[in-house]
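Consider the two complexes below, in which subunit A is the common component and subunit B and subunit C are the respective partners.
For the complex of A and B:
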């Protein structure tokens, strides 16, 4: 049987969101947020991105969906932007948002 | 040596250290800042993830091409024209494996490792667009 506390939807967590390259310039590089339990990846990123219009428009299109080139990672592993609407964030997660890579 | 760092490296020393019994070829790839009418180049990395991915690429290349040694040093920070950006040193029994292993490593890095370049140009700064616009590199 599950404990009552585990079902508390209002429980808060600590999540680090990191933006890189031009996204970092527009939105900041390391942002600590405390989303409520049940928050999904796309919702969390949208909320932060709304702090800066250019930053938001760099990541989301006019239909408020991720632009096709945006890359997401959760704890070092890629997450398809399509899955970001259903992927819930967890306590201590590190989320990264960045444009196509250009190293080498 | 697999590293992401600000400092340059002594390529000659890396070659000397790479040499071992049975090795017949060493291929050195040295990616440098090209004079594309820029003042400087600034490189940024998602360092923890990029380092793990470089280590994985080195391990995969070693297995796939039967390499004896792999060194990858990717520099970050501000670099001037002519400075080293990326050094890959691959040692193998024969030239074929050494060349193929080196090529595999550079192409895999370009396809997926989270590192970005910004050109600091005379007419304004510009982030270099990735070669893989969908970001569909090896590390999906």
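For the complex of A and C:
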């Protein structure tokens, strides 16, 4: 029983990842994922971004690290991309990933 | 004092914020950096709203490829300085305001002088390095920076009040790469109107500003939303640990 409950807990973790602007065009705008507990922010976004090569390359560089202009928000709060490798996602999290636009 | 003609000209908005509000606008000086996609609609609407003094800075010449969005420049203006073209139209549309145009490239040696004693800076630029200079000028002079940027049908806007909100560097520590960005005129038109609305509210002291709020617009989906932003204590431009190194933006 206990084992079953634990499994259940893991299954019910839902995280919403929202990609904006070009990121959204390449990867989809609102994506619901069910990560296993312990998943970190950068890992989660990498996994989703791998669905589309251009999408991945828009967000990550050749060293698989976030491009420096990428902005990450978790539940309305800014997360430095450097901290995304250690920040664990939690149930009901809403993650936003967006590129600033620069034109005028 | 408003003239009889001004009272007539602004009658419908005086209904909204009174002659006192209109006087405030008349006494105001706004600096608009850029006479392109954002700068054209912004300066046009601030001119007709009766901002007393508008200063518009641009270094470029009107090109054919500008005409899908830079609505102050007409087909006949191709080859003309954007400042000349913009100045003509703005003075014609409202002869009751003062329009200064400056044909130059904004850089770190002239930005403070160019901004002068303006009450606010409108960011109508097309690149982040110059935006960072405007940001520093706004912090230096303790005046607001009305930020806007676009790409394709997307846009963003926020209002930076030095000392109260995060600055442009707090929100965007690193510039996105330079590119020839796709754009259709309605995007800078839309974002420009958000910025111009912010300018008016700030000058009138009314409403609620986009302070510490980054507005994001997705024109393709007609979806707008905002993201809370905050001041970064370690910010290289406005942080308490402010470094005075003149690092190239």
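By definition in this document, the second predicted complex is superposed on the first by the 88 of 104 C-alpha atoms of A that agree within 3 Å, B and C clash if a C-alpha of one lies under 4 Å from a C-alpha of the other, contacts with A are read in each partner's own complex, and residues count from 1 in each chain.
Please note the rule applied: a contact is a pair of C-beta atoms (placed from the backbone, for glycine too) under 8 Å apart; a residue touches a chain by one contact, two chains touch by 3 or more.
Since the model is a prediction, treat every value here as computed from it, not as a measurement.
Visitor: Taking subunit A as the common reference, can subunit B and subunit C both be placed on it without clashing, or not? Answer clash or fit.
Guide: On the shared subunit A, the partners clash.
Visitor: Is A:100 touching anything from subunit B or subunit C once the two structures are fitted on A? First, second, both or neither.
Guide: A:100: touches subunit B and subunit C.
Visitor: Would you sort A:76 into first (subunit B), second (subunit C), both or neither based on which partner it touches?
Guide: both
Visitor: Quick check on the superposed pair: does A:32 touch subunit B, subunit C, both, or neither? Answer first, second, both or neither.
Guide: Touch partners of A:32: none, neither subunit B nor subunit C.
Visitor: Does subunit B (first) or subunit C (second) touch A:68, or do both, or does neither?
Guide: In the superposition, A:68 contacts both subunit B and subunit C.
Visitor: When the two structures are overlaid on chain A, which partner does A:20 contact: first (subunit B), second (subunit C), both, or neither?
Guide: So A:20 meets both subunit B and subunit C here.
Visitor: Shared contact residues on subunit A, subunit B side and subunit C side combined as an intersection?
Guide: Shared contact residues on subunit A: 20-22, 24, 68-69, 71, 73, 76, 78, 96, 98-104.
Visitor: Taking the touch rule as given, give the residues of subunit B at its contact with subunit A in the complex, in rising order.
Guide: Against subunit A, subunit B makes touches at 31, 43-46, 48-50, 52, 74, 85-86, 106, 109-118, 127-135, 137, 139-140.
Visitor: Mind pulling up the subunit C residues that touch subunit A in the complex?
Guide: Touching subunit A from subunit C are residues 34, 36-39, 123-128, 148-152, 154-156, 172-179, 181, 183, 188, 216, 218, 221, 227-230.
Visitor: Once bound in the complex, which stretches of subunit A touch subunit B?
Guide: Residues of subunit A touching subunit B: 18, 20-22, 24, 68-71, 73, 76, 78, 96, 98-104.
Visitor: Under the stated contact criterion, what part of subunit A meets subunit C in this complex?
Guide: Per the touch definition, subunit A meets subunit C at residues 20-22, 24, 29, 68-69, 71, 73, 76-78, 96, 98-104.
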